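Just so it is clear, A, B, C, D and E label the chains in written order, and each chain counts residues from 1 on its own.
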Amino acid sequence: MSRFLQRWAVFVGLVVVWELLTWYADDTFFPRPTEIAAAAHELWLSGPAGDLFLTDTVFDHVFPSIGRLLAGWGIAALVGVSLGVALGRSDKAAEYVGPLLTFMRSIPPPLLVPVFLLVFSVGTTMQLATIIFGVLWPILLNSIDGARSVDATKFETSAVFRIPKPQWILGVVLPSAAPKIFAGLRVSLSLSLVLMVVSELVGTDNGIGSQLLVAQREFDFPDMWAGIILLGVLGYALNTVLLGFERQALAWQPKQERTPATVEEKAV
Amino acid sequence: MRALTRGLLGVAGFLVIWELFGRSRLVPAEYLPPPSVVAVELVKLLGDEPFLRDVVATLLAVVIAVALSVGIAVPLGLVLGSVAPVRHATRAVVEFLRPIPSVALIPLAVLLLGIGPETKIVLAVYAAIWPILFNTIYALDELDPLLVETARAFGAGRVRVLASVALPSAMPFVLTGIRLAATTSLVVIVSVELLEGGSGGIGQYIANARSGGGRMDVVLAGTAVAGVIGYLLNEGLERAQRRWVGWSAVTGGRS
Amino acid sequence: GLLGGSEEKPTTAAAPGKVEKATITVGLLNILDVASVHVAIQKGYFKEEGLEVKPEIIQGGAMAIPGLINGSLDISFGNWVSFFAAEAKEAAKAVDGLKLVSDGYQAKPEMFLILAKADSPIKSPKDLEGKTIAINTFRNIAELTAKATLEANDVDPAKVNFKEFPFPDMEAAVQNGTVDAAFMVEPFISRAQRTSGQITVLDAASGPTADIPIAGYATTGKFVKENPNTVAAFQRAMAKGQRDAADRPTVEPLLVEYAKVDKETASLVHFGEFPTTLDATRLQRVAGLMRTYGLLEKDFDVKPMLVTASGS
Amino acid sequence: MTAMLEVADLGHTYQAKDGAHTAIADLSFTVGTGELVCVVGPSGCGKSTLLRTISGLIRPTRGEVSLHGDEVRGVPDDLAVVFQDYSRSLFPWLTVQKNVEFPLRRNLGRAERRARAAEALEWVGLSDAGRKYPWQLSGGMQQRVAIARALAYRPALLLMDEPFASVDAQTRFELEDLLLKVRTEQDTTVLVVTHDIDESVYLGDRILVLSTSPASVVADLKVDLPAQRDQITTRESEAFVALRAEVARLLNVGKTSEEVKARRKANEQQAAKWAEAERAEASRAEAEERATT
Amino acid sequence: MTAMLEVADLGHTYQAKDGAHTAIADLSFTVGTGELVCVVGPSGCGKSTLLRTISGLIRPTRGEVSLHGDEVRGVPDDLAVVFQDYSRSLFPWLTVQKNVEFPLRRNLGRAERRARAAEALEWVGLSDAGRKYPWQLSGGMQQRVAIARALAYRPALLLMDEPFASVDAQTRFELEDLLLKVRTEQDTTVLVVTHDIDESVYLGDRILVLSTSPASVVADLKVDLPAQRDQITTRESEAFVALRAEVARLLNVGKTSEEVKARRKANEQQAAKWAEAERAEASRAEAEERATT
């Protein structure tokens, strides 16, 4: 409960400061939070009761976007973790494809959109490709790093007991790498929101990102900010779900390691 | 050396596939020119002074952005990773801020910072701090408590523990975060240049090539240059990683 | 500095005169529409007025208005729809609103074309019903003119899907069937016709939208108030530039240089008009279209935005 | 002798998801300044937990620890610990020399810190290893680095958790004597947890015998041996042998089952027979020695 | 007895940035099937390195290791190791029970695996700790988990690196006997590295004495004691005591300086005096025992 308060007190405090600042500055580009909230309500929550007050916009733009985002992130997570573990445990494989991957990692997704357009043509696949291509890297790199950093004694223990490959990967490498993999997953999850927007720059007629950019172009700042806030809310919600999974998966971590209170002076 | 050969083999394999694909007439060569065509354009570009100036502009912006992100994210990560109340208190704000795309922030950034390179650098920093921040926090979570207890038992204060125990121990993973951040800021900077222009750079060069009638060979050559820059940045950082935290490779990351 | 990359060097220093601000930064896009500025720079029209113009290349319109408000741009090129929408939303209220200082570009036939694949079943505007058309930006001049001309051809615009694609990607999108047709401008039209043999379905700058104004140059009310002479000088130089831009041999080599268009395409492109005067009645047509298709919530009078030239 | 360390009604319970575990039930004892107290007790009885509470790393759930009369709340000044898990307590990114220098105060100056570290490494026989990294050393060598680090720090209170567990017998003797020498010279108060009963008698001014988990004090024995110990003469003394047996006996007090009683008897018989055997061996060795010289 | 393990001309040099370090100079020995060989040697001489090469974890830079006549190239089948660094060799994300079950083959079936793990945990006295995590255990308990894991695996070849370093004397005796029992029942070949000379004699069929670093074989002693050992009768036997002294003597052979010679003499004298003392203690204990019963 106190944690809850802690968390939201700061948040609410910032919103209040923002409200006061924008009220004082009175700038069209920075509307007041209350105006944004009104715009958001108008955009998404003024629908019929039968649809839980959700407007058509939610069904036409928000849900498809979220669907693409989750699919893209999910595929990236699958590919990133499996490829990352493989590369992390095999120096040879890493040497072969490492430079290539670094090279691809440095290519801005917007530049690749035309190429994806050629290769995938259809809207959703192309957008998925964009999202995957953008969010894969943190997962991949962190998984490689995590898989590499399995404690030497644990590696030797598993080797000595001739732990079969699948058990070694699932039972030793993944748990060892789990904290790092989760760091990558979390960075990627919010990155996938960013890429969702990027992927809606081209070739779409729906989506949160596309709407946000239209609002931006029309100087409809309350709507634009509402879009930004929606992304924030989504990011927060998705992250909370992921954190829940993470807590389950990392429950074994010694308490003092989990929240490294040991770094702090325990004594008051 | 052998690692290098293998890496080159990997790249060569990719180029061969692309060449075959490009020549297969599955797609018109103007839309996706094969590497042989792009390579010619690339050589031309490398002799082109304005292009080289654009490369320098992008590179400088990336370096500045990475330096700033490290300067912000590492100390912040140390604080958030080690002081639980602060982490809880800021979590909502952080989680809210992270998913806001730089693309949506461009007009606001221009409004606040003008059209110069500051805008793209700030947007790049905004995107690049997250991997460093999170990797730092998670690395601290993994910190062996016995190391901390050792330092504390010998009278090290909180700051000393952070600087001399937590940071070195987290360093390998933080460096991975920095490697991610380096390419992320490269990507963001080129994207901003590409989408909005305003301050030169490879992205703008590519955008010009595109707007002048869709010269895909120039576009891909520019893309290849961006990729090579990213590769070199990463390679440099990996070297640093091997040198500074060589111990982690031997001990398997953990003490 | 180095961070600036290959951004163009400012033209040589100007003779001191009555202008309040001798060096002005002008936001430009790398497209045909701004040929007149390059002509004016090349021919020294700005220098004659004691002005030094520093072109700042922006890629998207999104940067122009914040750039003006923020003061990084003194004057910027931009399309009328954006300027009117911004003004209607009072986006630039902090700097006394946006002011239009010079006309820029105006449609002529064969400039806004909706193209389809050579072997496409779409031959006439009527065939576009129920199809997907690529346009560069939603809710902008392209969508407005497309809808207006479709309607004029008895097609219900509501029955046509629009998807956003950047101009450079449209040719490919049409070729591989991602969209059925695309709304293109020069030089992409010439390229698509030349390399893929795409065919014209509809000229979007015809009928109700014939000679529709496209874009021009704006600054802020604040800038006008503080630098009236500078603005006037800019207007005079631009008028000359606009006039000369109509001359094809002058413009073609410039295109190759600044817009990176290859020579062959440059010799094929269809240019629009470069009007030499700002005319409220003409511009009001754009506002009217915007009102019709819901881009403006209420009637909008463009006249107060105009800063008319004070003698030349 | 003033009481430097005072442990009063100490208790500690670890909280876990699946229920609490009481590691220390109720401990009270004091240690005077300059004293060397050995703590013996069965595996898992709470010795390491005790050291952790004394060093202020964990707060006891009951009772209190005072140093110089002040309750220990954080980590006290001038304290050094040799952890049982020595290999994890060395910093892998620092060389051995730097590991030893790590806790030394900045104000000592670089040269002084170097000198102290070098000296301590020499004490433990690792002069050559200073520039290596801990993971390049063997287990026993790592343990000696941890000892060197604690000694170089010159703490007022030195806590050691089975500090000689990983070194060979010969080195162990040398390290024991080293510890005695250093603590006399520097007037350090020392608490040593050990599993070796002989060692506890040899080293200690007092021996604290703990019960099985949760730990409580079974006995607090004064070691009535001359302050000046010697691996040969001390270990042969009547008092040493008596104490040794006493400690062994006390260590089994906690257990009460029939089986344990039987085992105790067996052990004591064994001890007797052992002694016999030792004697035989000794005379043999002596004979041999005479033969070789 | 057939030679199960054959080590021939083995040498290992660690490469480091700042020069190479030769850990093993030249080792040759064989171990027969079902034999229990103890390895003793000074700290840092290369014992752990030897075990690493035998288990195929590192490739020796010279010579070779063969098992059943085949050169060891990878990790051989049916091998278990108790690492010196036991705490790091446990998986922190698995409970103790799961840690012990971890290496057991899937085809054993769940119930069988459970049963074996439970049995092994009971052997080492940790029946209650099965559902805890390793980091919730004391050092000695963790070490016993590592032992239980190796025993539950029922390997043909068992390598143990100072497996009893962190447990108290009583538990140590019990674990020694457990090891002897298990290896007889399961006909396991065992190699134990230990620092405790008594332990090496008590446990071993043979004792391999290594020199100081780089390791070479100083002596390969046959332990001429009845196969059936007993903590009491065995340790009192003449042969035991003689061997004990022999090993102690040999361990110092590697050192040649004057100082070391002197120390050796002192040690042997001490051993003699110690034996005397032991006897005295034993009789005292006996007297006491008589008094209490």
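FYI, contacts are C-beta pairs under 8 Å (C-beta built on N, C-alpha and C of every residue); 3 or more make two chains touch, one makes a residue touch a chain.
Going by UniProt, the chains are B = NitT/TauT family transport system permease protein; D, E = NitT/TauT family transport system ATP-binding protein.
It should be emphasised that the depicted structure is a prediction, and the values quoted were computed from it without experimental measurement.
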Joint neighbours of subunit C and subunit B, given as chain labels: A
Other chains in touch with both subunit C and subunit E: A
Steps in the shortest chain-to-chain touch route ending at subunit C and beginning at subunit A: 1
Chain pair with the higher count of C-beta pairs in contact (B-D, A-B): A-B
Cα superposition of subunit D on its sequence copy subunit E - rotation in ° rounded to nearest 5: 180
Chain centre separation in whole Å, for subunit D relative to subunit C (CA means): 84
Approximate Å spacing (C-alpha centroids) for the pair subunit A, subunit E: 51
Interchain centroid distance [CA atoms averaged], subunit D/subunit E, Å: 23
Sequence positions of subunit C contacting 2 or more other chains: 62, 65-66, 69, 166, 168-169, 172, 176
Residues of subunit D touching at least two other chains: 57, 75, 85, 88, 135
For subunit B, residues contacting two or more additional chains: 27, 31, 107-108, 111, 144, 149, 152, 194-195, 248, 250-251, 254
Of all residues in subunit B, those that touch subunit A in their complex: 2-3, 6-11, 14, 27, 31-32, 81-85, 88-93, 95-104, 107-108, 111, 127, 130-131, 134-135, 137-138, 140-145, 148-149, 152, 157-158, 161-162, 166, 172-173, 176, 179-180, 183-184, 186-188, 190-191, 194-195, 203, 206, 216, 219, 222-223, 226-231, 233-235, 248-254
Footprint of subunit A on subunit E - complex, ascending: 52, 55-57, 75, 77, 79-81, 83, 85, 88-89, 91-94, 102-103, 106, 133, 135, 153
Residue ranges of subunit A in contact with subunit C within the complex: 27-29, 113-114, 117-118, 121-123, 201-205, 210, 214, 216-221
Residue numbers on subunit A that touch subunit E, as the complex places them: 151, 153-154, 156-157, 159-164, 167, 171-172, 175, 178, 252-254
In the complex with subunit C, residue positions of subunit B that touch it: 27-28, 30-31, 49-51, 53-54, 56-58, 60-61, 106-108, 110-117, 193-201, 204-205, 207-215, 218
